[in-house]
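Quick one: structure below, then a few questions.
Lettered A, B, C, D, E and F in written order, each chain numbered from 1.
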Amino acid sequence: MPRKRKVKLTHLARDGSPRMVNVGSKPVTRRRAVAEACVTVGRAIASRLRREGGLAKGDVLVTARLAAISAAKQTATLIPMCHPIAIDGIEVEAVVEGPRVRLTVEVSAEARTGVEMEAMVAAAVGALTVYDMVKSAGKGVEVGPVRLLAKEGGKSGRWTRAGDGYAAR
Amino acid sequence: MPRKRKVKLTHLARDGSPRMVNVGSKPVTRRRAVAEACVTVGRAIASRLRREGGLAKGDVLVTARLAAISAAKQTATLIPMCHPIAIDGIEVEAVVEGPRVRLTVEVSAEARTGVEMEAMVAAAVGALTVYDMVKSAGKGVEVGPVRLLAKEGGKSGRWTRAGDGYAAR
Amino acid sequence: MPRKRKVKLTHLARDGSPRMVNVGSKPVTRRRAVAEACVTVGRAIASRLRREGGLAKGDVLVTARLAAISAAKQTATLIPMCHPIAIDGIEVEAVVEGPRVRLTVEVSAEARTGVEMEAMVAAAVGALTVYDMVKSAGKGVEVGPVRLLAKEGGKSGRWTRAGDGYAAR
Amino acid sequence: MPRKRKVKLTHLARDGSPRMVNVGSKPVTRRRAVAEACVTVGRAIASRLRREGGLAKGDVLVTARLAAISAAKQTATLIPMCHPIAIDGIEVEAVVEGPRVRLTVEVSAEARTGVEMEAMVAAAVGALTVYDMVKSAGKGVEVGPVRLLAKEGGKSGRWTRAGDGYAAR
Amino acid sequence: MPRKRKVKLTHLARDGSPRMVNVGSKPVTRRRAVAEACVTVGRAIASRLRREGGLAKGDVLVTARLAAISAAKQTATLIPMCHPIAIDGIEVEAVVEGPRVRLTVEVSAEARTGVEMEAMVAAAVGALTVYDMVKSAGKGVEVGPVRLLAKEGGKSGRWTRAGDGYAAR
Amino acid sequence: MPRKRKVKLTHLARDGSPRMVNVGSKPVTRRRAVAEACVTVGRAIASRLRREGGLAKGDVLVTARLAAISAAKQTATLIPMCHPIAIDGIEVEAVVEGPRVRLTVEVSAEARTGVEMEAMVAAAVGALTVYDMVKSAGKGVEVGPVRLLAKEGGKSGRWTRAGDGYAAR
């Protein structure tokens, strides 16, 4: 069945066991990845966060952004098959939109492998930090989706999530 | 407005800046939290993962479970306002359900503060690990929702997510 | 010479080599320590930081405060002879005073050993973070002094730095 | 006022929030930074440390040097806006001078960004380690100043602290 | 076959997958574990290390001891199923015996689970550090055995390795 | 005596104190190292592990392999004088041979210094993880030897352990 060939999982060795894929033969190219994570906090909490963001700088959002930056640098420690990467830059945007907080993270590096996981981990940890800071007001708050919006660099080149109105910056 | 009082965020000091809340005056009680995280991998990848899970032990799922356990122990490093907690136990279940992988994490401890974040972080990192291992077959795969299912212990006592058919174990 | 007996260093074993002192026979008591660290940034940078702090929340200072909180939790990893401690609370204050930024950190825990190093490390790393964020504007900026202001708990009881007008909170 | 333009802080995004500056467009150059940190331990403790240093190797000083080396490698974890850097070498000198211990740290790397923070963090943590090991004999001991002595590499080139008699090695 | 029942592995859940065993129902008791690790460096290197150890303090051995202490505190990060434990004390002895370096590590804590792994990890990392420092002089040097010498505390009580002439301290 | 010159230890500075050797002047070359670590578990446990390995995937062995991969990435944190290295690939094989489990780890990178320690640390931590998971069934189980089998790259070029029948892959 051709579909089976399609879903080849490169993190599994031939005998089915996990391994950290050898990227030594890949060229070093400029990599970029953008991911986002949402936290559905509800309107009451969103209004509280927005108010902070209006009068001041919004410490919940600043805390989440810093947690995201730190987490990006911990990616290879957290995700077993990730390679350590010398990240060149991390930008995190955190906005309150209706009942949700949306974190968007862009990571860039020159590397033999992509920085998708760095962006995904950063966005997710940023969102979990928002959850942590608002959970006393709403344990039921949900985190997600966490998803890749765009990537550039490497053999597979540029990829942008379809149908989301996401325009690469 | 009474709603404002409701959404008091305990991680912010009176001057609006973040702090790690002092839990020193809270009693040590038995704490338990259960969280889940889903990864919508699509039917082709799910079928591949299920096949592994049928014939063997499912290395993607085992890898995700181990990543979840390790991440739970890194919670206080990742989430700025989390207290270091001496976790007593971590159980992670990973199942393939239709087009999704669902990780359910239960964390327990005797502590002055809850272990909700430990369970949330573990579930999220487990799900991100699944994403990492299948992303070569589907960059568009989404992680989420990550959410608390239940908690026990502490002043606020037992809480179970409503309307989800989740029965505390 | 009696003075020699006075400066007995408890982190050295009888044969002169370092060890992590066994605190197992000490009682668990409530511990508190306050430390401060200054960064002499000069008037131009101080004015820039103060302006941020006036109109908004002061992101350099918020970043420094969060870095201090995270560092406190890394103390046992950074300082070879420090015991891992389940910290109960961390509060960090960051103010601009004349040409200086002053970080004051209070750490509390119930433990067999003190939390002086947690407070000292947090204050120092907070100050280094300020340095990092202003160094493009002034490489010559100096960090220090980093010093203990007060401690409570344990056999030696309460101690407050003399002659500094520091009043225990 | 022209001075305001001078104190532009590169770690803040245009909207005033922190970010990890993208260094991707900077060339890789050889970088070197030297920082120092002092600990004013007083004459009694200094004499004890000097005696160790005379008859043997001085375990307090060796411990401080090793803590400094380890800390340099943790810089990107401790300082939120620091880039992970593949450090090429770290040398730490620790000497007792009058009533003080002075740690001097030199860090080198080939990188797109400087290693000032690696040297500053290493020196500070080395000094805090000295504090930790002597604090039973003197809680009032002060750490500081921690300061950059010299740097080389990158667009801004060589810089040496003025007026200190410090000669680049 | 009764032997099969004997080799029940408590770190595997009923379905055969790994988990961090819940120790919440075990009492907190005083725990102690002693482990050792050897490095067979050969006579030439041993003589060099012994000479250092005679005239001075032996920096290779001090470095190994400090690495062992730090590693003990990283045990729960390194060994997937290990619980985070608030270690009370760590002592490391490093001696040169004939062609070998022997590290002996004693770890103690009050905990619900044993500290065997903390002692084993510390001894192993100390020995690997010796290997690292002498490998330029002998890549073929071997590390091992790493083994438990004694343990105390918990349900299974005191255990001492038989037939080795090891006397509990 | 010429032998003394032979056992020059490059991790010690001229004054006998440890340092992280400056590798900045070495060329970047492709590096590879293979190490192995054994755990003598005895026949009863080996049979239990082999059975798992026959019917399923052997969760003890998978856990050990993942712990090895994670540990390789922690090498510069664990071993004081090790340089942080951007590892390109890690493969771990775990087999049950008679009464022993043998882990073989291959690490590769393009770097100024070798990856021997990454392979050694990974193999050792993998073996310690096996010990952790079987110790309830056999506290007396021994870990070792941990040893380098082969290395490539750098000035000293290719090296293969003699007399072991080890053939470089």
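Heads up, the rule we're going with is that a residue touches a chain if its C-beta (ideal position, glycine included) is under 8 Å from a C-beta of that chain, and two chains touch if they have at least 3 such contacts.
Remember, predicted model here, so these are calculated numbers, not experimental data.
The chains in contact with subunit C as well as with subunit E are B, D. Comparing mean CA positions across the assembly, the chain most remote from subunit A is E. Contact count check for C-D and D-E (C-beta pairs in contact): higher for C-D.
Ranking all chains by how far their C-alpha centres lie from the centre of subunit C, first place goes to F. Taken over every residue number at the interface, the positions common to subunit D and subunit F amount to under half, indicating a different-residue contact. By residue number, over half of the contacts seen at C-E repeat in one listed pair from C-D, B-C or A-C, namely B-C.
Each chain gets a centre from the mean of its Cα atoms; for subunit A and subunit F, those two points are 32 Å apart.
With centres taken as mean Cα positions, subunit F sits 17 Å from subunit E. Chain contacts: subunit E has residues 16-18, 56-57, 59, 62-63, 66, 70, 74, 77, 80-81, 84-86 touching two or more partner chains.
Chain-to-chain contact here is organised irregularly, matching neither a line nor a ring nor a star, and falling short of all pairs touching.
According to the touch criterion at the top of this document, the contacting chain pairs are A-B, A-C, A-D, A-F, B-C, B-E, B-F, C-D, C-E, D-E, D-F, E-F. Interface residues of subunit F facing subunit D in the complex, by the touch rule stated above, are 13, 16-24, 76-77, 80-81, 83-86, 111-112. Those residues of subunit B lying in contact with subunit F across their complex are 56-59, 62-63, 66, 70.
Those residues of subunit F lying in contact with subunit A across their complex are 30, 57, 62, 65-66, 69-70, 73-74, 84-92, 108-110.
Remark: subunit F residues 3-4, 6-12, 16-18, 37-38, 44-45, 47-48, 52, 56, 59-60, 63, 66-67, 70-71, 74, 77-82, 116-117, 120-121, 124-125, 127-129, 131-148, 151, 159, 161-162 touch subunit E in the complex.
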